[in-house]
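So, here come the structures, one by one.
Two complexes come next, and they have one chain in common, chain A, joined by chain B in the first and chain C in the second.
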Partner chain A sequence: MSLDIDPHIRHSTRHIGRSVPRREDRGPLTGRGRYVADIKIAGMLEVVLVRSIEAHARIVSIDTSEALAVEGVQAVFTAADLADVKTFPDYIPYIGPVRQRPLATDTVRYVGAPYAAVVADDRYIAEDAAALVAAGTTYEPLPTVADLDQALAPGAPKLHDHWESNCSFDVAPHKPEVDRAFEQADHTFTETYVSQRQTGLPMETRGVVADITDGTLTVWSSTQSPHMVRSTVALMLGMPEPQVRVVHPTIGGGFGTKTHIYPEDIVVPWIARRLDRPARWIEDRMENLVASVHAREQRHDVEVAYDDDGTIRGVRCASTLDMGSGEIFMPGTAPVFVTNACITGGYDFPNMQARTTGVVTNKTPSGAYRGFGIPEGAFVMERIIDRVARLTGTNRADLRLRMLLQPGQTPYVMHGGGRLDSGSHTESFEQGLEMTQPALERALARYADDPDVRVGVGYCNYVEPTSPSYHLTTGHWGGGDAATVRVDPDGSVRVAAGLSSFGQGAETVAAQLAADALGVSPENVTVVLGDTERAPYGLGSWGSRGAMMLTGSVLLASERLMDKARAIAAHMLEAAEADIVLTDGAFHVAGSDQPSVSWAEVGTAAWIRYVDLPDGMEPGLETSGYFHPENLQHQLDDTGKINAAASWSNGAHIGVVSVRVSTGEVRIEDYIVVHDCGTVINPALVEGQVHGGVAQGIAGAMYEHFQYDPDTANPRFASFMDYLVPTCAEVPRMEVDHFESPAPEQPLGVKGCGEGGTVGPPAVVAGAVSDALSEWGVDLTECPVTPVAVRAAIRSAEAAGAGAGS
Partner chain B sequence: MTISEPISEVDVEVTINGRTRRHRVPARLLLSDYIRDTVGLTGTHLGCEHGYCGACTVIVDGDAVRSCLMLAVQADGGEVRTVEDLAPAGSDSLSPMQQAFHDNHALQCGFCTAGFLMTLESVDPGEWNEPERVVELLSGNLCRCTGYQNIVAAVTEAWSAYHGGGGSRDG
Partner chain C sequence: MKPAPFDYCRPSTVTEALEALSSAESSRVLAGGQSLVPAMNFRLTDVSLLVDINRIEGLASVDCDPGGVTVGAAATQTRVLEHEGAAGVVGGLRAALRHVGHLQIRNRGTVCGSLAHADPAAELPALAVASGAMLAVSGPDGERRVDAADFFIGPFWTALEDGELITEVRFPAPPPGSVTIVDEISRRAGDFAVAGLVAIVEADGGAVRSASLVGFGLGGVPTRLATAEAAIRGWAADHPADTIAEAVMADTADAFDDIHATSWYRREAVAALTARAARRALVAEEAA
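Showing the complex of A and B:
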């Protein structure tokens, strides 16, 4: 696919495909970034939320008198005060409605649930007063459910009184062809795989600042989706959308956690309106650990049918999501559907029957985290393949090569309807295997003289749905995005898009694209993102959609603008439009470099000097484009299937690990990624996404785990001392290589790349450690793979007499 | 004043980025909040406020400290440097380390960056430029975006002069 956007534009330098340095860097590097906590408005009040210390309780009474008596406290609000605020919408018809209120009314369902808001002159006073409100709260504790088994037990305490049970949804298709596969197969086995509770954990916590000026409510929110926040704030506060402006300032990471619209996004604007004062709430880290969504906690009960030669005939997988209390908007239900949709990865494996269930428990609501269900499914599939390979004496890499989609096999429709439009499934894995060989030899040599160390290799071949529909996730929004491009009288270009950016470099990408599409330098392009007042409606950045949607919409708008600019230039040069070319920013007649007209002259004609416009042409030089990929589906078809992604990236991850048998210490010696996200706009940015994703994947594979007390559903974590985020010392060196299989239905072939990095590590680490410890028969079924877990696996294998001990 | 009466406010005199400032502040005011809210230098970020993530790292009297674990009053009479002091004043240029971060795509969201830069600024590169030492030094700061690889590459490049290396970008 050619990256020359328009044959009539000639560049001495093309910007797409190059690692153009980021325009976003200077602010954070020099301390001049402007994050939400940096916003200060005269007269601004500070808000602190009071949160439940009980996992499940009725709130009998809240005595706010002592708090209100503290000097500097302006107000204390509870649910009763917010009676005029609408309930968070329950848009999805097939899940249990949670009827979430911005502040808990009479029942709290997890530790961390907000039930009161203290407003004071400064944060210190507000914190003091919040402690007094907490002390003045009387609870009537209710029995708790801390995990899936407790929640689903007969007679279990119910979280939501108006539900029949704690089950929010249960979708159980039946596939006769899978039954037949089980009847015909040589063998079967059953297993349960578990994915543990984690979170995206951006370094910047959440925060909201709200202010009313001249009737317009301005909300600065550390959100990934400003327009969706605007629609929801307007709906719940009963305001017209044009009177609500949502801005995201510089954002310190999101990783999915900031796609949700939280109680604070509603409560803080409500307070600003009620008190007619600017108000600010900044989440602290301890509340972040219980008040921002968790993710990934799923259980997978599988049955596998396979033959003696290693052929996997069929799989039944019942995937059950622990939703926490379910009190989050948008609901956290979708990841488990994505798990099942993507579970077969890059493998040609139609005989999958997947059941999808969601259950509520007395824990923090679960929701989005980079990867959004894909890592959980990849873990299950790769562990199944390793098990079958071991049971049948088949080489693990060879078995994968037998199963992977071959070149030319795309488009390929997966078991759930996902349409793999293109990809390099076999090629990526083969390339990865080649890169692994020297890494494996190095590791074996390094530990050749150490009898306590074993070396192993782990594999993962995944697919990454990119630019998905948001309809099944939200029951409301769709999946396109808009951009507006304008050329001003001085020839400067302004691009505004509904996308958001929080570290990915979307401004840089938009400038690269507009520069090539309009034949200008990126320095001449101003990019506006993340402001509902200045940019057209867009859904924000999540689902690895930024690059694809942004380049798609900016390109559409730019092409429309070029048509008009060319007509104006042709008129000014007294030539035919077809003969006009643009070389390094100047329009001229093909074959002649003189005379020419500049973008400034065209812009001036369009906006100011109408005498230079062709007769009858409407003035102005601003166009919009709304990109909506043709094959993106928003609803299930008649057979219950859906292709809910605009395109599909793919990748192969391979890791070489060493395991110290006596201590259980695992070290990733080398981590190899072969990645394919279609046309690459900016290689450095793509590589950065891969690095960061892999690091978060390793965090889940080896370290991060939110644990709750089984008897009380109380969190056993409160800080970074007990939720272990990997540092520089834990993240291994990564070697990254690329294929580029262009997306057939995106004009530039661009796919997304934000999430793939997180997918491989759990499967890779568990697979590699199991491989290293194969002499004991260790076969890990869950993460994190901690030294304790490794030692436990060895001990239990030894107890089972599976092999010789160390 | 007796010992049983809590001191609610104190006068502090702190030299920040070369400029001496005097304020009357609450005795319990954290240095981080003093720098950000009282002085108005918001380049220092708060990532955890319990001394773990390193985002709020500043230099006090030559040492890297977590400003969320120190009171403003403890900096009284001291010299504080923050990220705003790193780039040469009055120009658009960056310090060599800032430039290396930019050139190596060593920041994404940028929230943790100031803490990394101040940690690096606080040490003698000649003592810390061995690869294992670089990792050890950086392991006191959390980054959630980059996977650290490009940060290590940036430091290696910026400090290449100290070990005669060629500015390898290979982390």
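Showing the complex of A and C:
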């Protein structure tokens, strides 16, 4: 795409590429952020959802009479009351349709499934009444399936009666070239790798406030995608879209969990309409752990063919996603496809045959979480490489260098069709290795006198698809986004975009882009995001798309606006349009900075003083850009392949860990990231994304794990006592370095960087701990790497007779 | 996460507090509230009346003499941690409190509240048992003193009867020349221990003379490691750690499983902590 900064603009200061301070932090940091829970409307009622305490059951009856008798209770609704609401759409044709209702009708399929809504004057009363509804509910328990094996067993209890089995989808390509690799290879092995159930866990839980005034329904929702919520609410409640306004106020993180459209996004507006009163629901943390999507629970059954020299000839990987009950919109099916698409990371490895399967179980529905399947695949690939290195006596770093894409090898089409347009795959790893040397020496010196401690190093080289298609994920929406740029009579600039902002810095980036594209200072740019009434249709923020989408749409709109502004300025200066340039906010004829006209004069002419406009020119100074990235595909080609991302970032993560043998305690001594997200718009924001991502990656590598009772499918967690989130005390120092390989086909060469940080840590920690314990032959195949897991690995190695010194 | 309805009162004397406690079916003492209030918000505990003891005169005192430290029922953990004299007399208090929660929790949480709550994975109950602490308990029938060894009955279950209140606890000074070590393995900084140990060790001439060893995070109550206490006598740094480990195994057969750790892990870990504590004590003795 030829979009670029207009060459007629001269800046004494360019803003793109600089760490312009974030403009969105003042509110949250001073306690003045306005979250959904801060919205107060006179007469507002409080909604509490009543949630299933059974993992799988028929609801025989719900007695609401006692709850209704509580003073201050306004109403209790069940599925029968919501009969006029449409079912959540099943847009994806190749997965099992779940026909999800906002409130469970006759069957509940996970602990936490909402089946009734209590409306009361305040939350205390509502919770008292909700407890009475729960006590008044009669269940007929059904047999449960708590994991993949149980769900896939012959004769297993089915979650969805209208399905043939608990399998939602199963895509199994066959590659003859992989068969040949297995025939020719010196050796093979099989292994099963497991990625555990986690969640994105934003600091702010979800929340919805709804109110109807003058026929317009306003929904304040803590969502990442307000326009998608608008379309879905309008569809399901049978309202015209212009009569539905969705706003996200300040948001305290999303991490993918808020890309979904949840029952509460429908139920709360429905209640507001039904009772003609404003209504609000705020998710508490107990609910959040069972009612917001989980993620990452996958099993990978692999077969690996390799040669004596360490060459990996072929891999067959059957990746199976535990979808939970599957009752979530958009469906949580896409991450496992991304796992398989990205599994080969930055390696030149075409001989991958990946099977993709989704299975439902009686657990919280799984869905999106920052990383969206990439960490799971990277873990598998890196563990395979370490195993082959060990089996063949090959140096682990050298083997990776042999496999990585070399400079000049891009564009490179991966085994599933992903087209790596550019990158620094070998360079990043080499740079990381260089940075690791002193860190390793430090760690070895620190523990030189402690016979109980071993030190190890772990590696991960990944690719990160950025600005992906949403069609594969939703079966409906595409993958572009829009911005509207306006210059007001006083010369101020307003940018409104369909993106959302909940911590990433999208407002700052939009201001930087508009500032350079219009030759103004970022302070003169007002940014509006997250409001369907004030911004053009967009898909919101997810998939590491914000930077590229803003770049494309803001530049496109700005280009159009500049054309018009230049024509107005030329007319006012009585000069030829082609001679007009803009220097630090003033239009003038090239070669002479006087006379000049300012943005305010141009804006005033466009909106107010039509006498200053060229004859016949349409007034106004507002333009829009609807950006769709080049080479972004939404559907599979004839061979079943797809490039579902507009560009691909890459990175190398390396960690140095110490392991205390007697107790299994692991400490990350140093964590090194070399990162490449193309042209960097704001280095500080990129650095922050990397740090936060790595912290969440470490959460998955060492701490967070939703466990369910295998016999009852009941959660074995209720709070942060059980679901362990790392704090600043657990997250180590990081060293971050960058390469910049611009995206050749995208505006300014911008790629995304929101998710890469999460990808490396599971592979790195498991690899490093296995390396540290190599004298026992420890080879970890799952996370989290806990003290118990480490001790169990040592014990089982010792029991197998491979003890120290053998 | 809103509590069910309950009543609240804030008496100004112990007598009033005891009257209030006896006045309602399920009354509970509110000191720091760091465990009780979340349990109420989760609706896991049924409370009809909260008796807030924070304004009772003199109850927040920390008194120190050469023989020990006396901590009042409303004294916060931070107050004890920062008390100038307390650590000098009972070193174990500082060693244990460093592991208790986070700063914000210690600013509210009380020492006596932790004992009354009796979480089996908490540090302070184990310290009380290891050091032979004595609790002063007031109730409808007057005052009594309870040895810490007799106080803990099961998980979250103590010798406190309905209507009773711990008014203070006295930690006696450990034997002169001994070292008190509180060591634990927790999943994250500030978490309850997956496995922990309080060791009060006397060493002499490079060998352990005697030790009081109490594990926590193992069973329903602080676990006295009696076999290990016998096995560790005379142990020196060049002795193998196996004998200690075997003894700890014998003492911890009841260790429990939960989602954070298995029983065998807890036992192994406490064995490792015990050997580590013995080594540290010997190093300290050599330095002194």
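Here, the second predicted complex is superposed on the first by the 800 of 806 C-alpha atoms of A that agree within 3 Å, B and C clash if a C-alpha of one lies under 4 Å from a C-alpha of the other, contacts with A are read in each partner's own complex, and residues count from 1 in each chain.
What we mean here is this: contacts are C-beta pairs under 8 Å (C-beta built on N, C-alpha and C of every residue); 3 or more make two chains touch, one makes a residue touch a chain.
These figures come from a predicted structure and were not determined experimentally.
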Go through the superposed model and pick first if A:F587 touches only chain B, second if only chain C, both, or neither. neither
With both complexes superposed on chain A, which partner does A:W599 reach: first (chain B), second (chain C), both or neither? neither
Is A:Q707 touching anything from chain B or chain C once the two structures are fitted on A? First, second, both or neither. second
Of the partners chain B and chain C, which touch A:G503 in the superposed model: first, second, both, neither? first
Quick check on the superposed pair: does A:Y470 touch chain B, chain C, both, or neither? Answer first, second, both or neither. neither
If we overlay the two complexes on their shared chain A, which of chain B and chain C does A:G27 touch? Say first, second, both or neither. first
Is the number of chain A residues in contact higher for chain B or for chain C? B
Touching A:L201 in the superposition: chain B (first), chain C (second), both, neither? first
A:D128 contacts which: chain B (first), chain C (second), both, neither? second
Just chain B (first), just chain C (second), both, or neither: which does A:D284 touch? both
Identify the overlap between the chain B-contacting and the chain C-contacting residues of chain A. 123-124, 284-286, 719, 721, 727, 729
Touching residues of chain B toward chain A in the complex: what are they? 26, 28-29, 33, 36-37, 40-50, 52-53, 55, 82-84, 86-87, 94, 98, 101-103, 105, 107-114, 117, 135-136, 138-152, 171
Touching chain B in the complex, chain A uses residues 19, 21-22, 24-35, 37-38, 40, 123-124, 200-205, 250-253, 255, 284-286, 502-505, 684-685, 687-688, 691-696, 719-721, 725, 727-729, 731, 733-734, 757
Going by the contact rule at the top, pick out the chain A residues touching chain C in the complex. 123-124, 127-128, 131, 284-286, 662-665, 703, 705, 707, 716-719, 721-722, 724, 726-727, 729-730, 786-788, 791-792
For the chain C and chain A complex, residues of the former touching the latter: 1-5, 38, 42-43, 185, 187-192, 194, 259-262, 265, 268-269, 272-273, 275-276
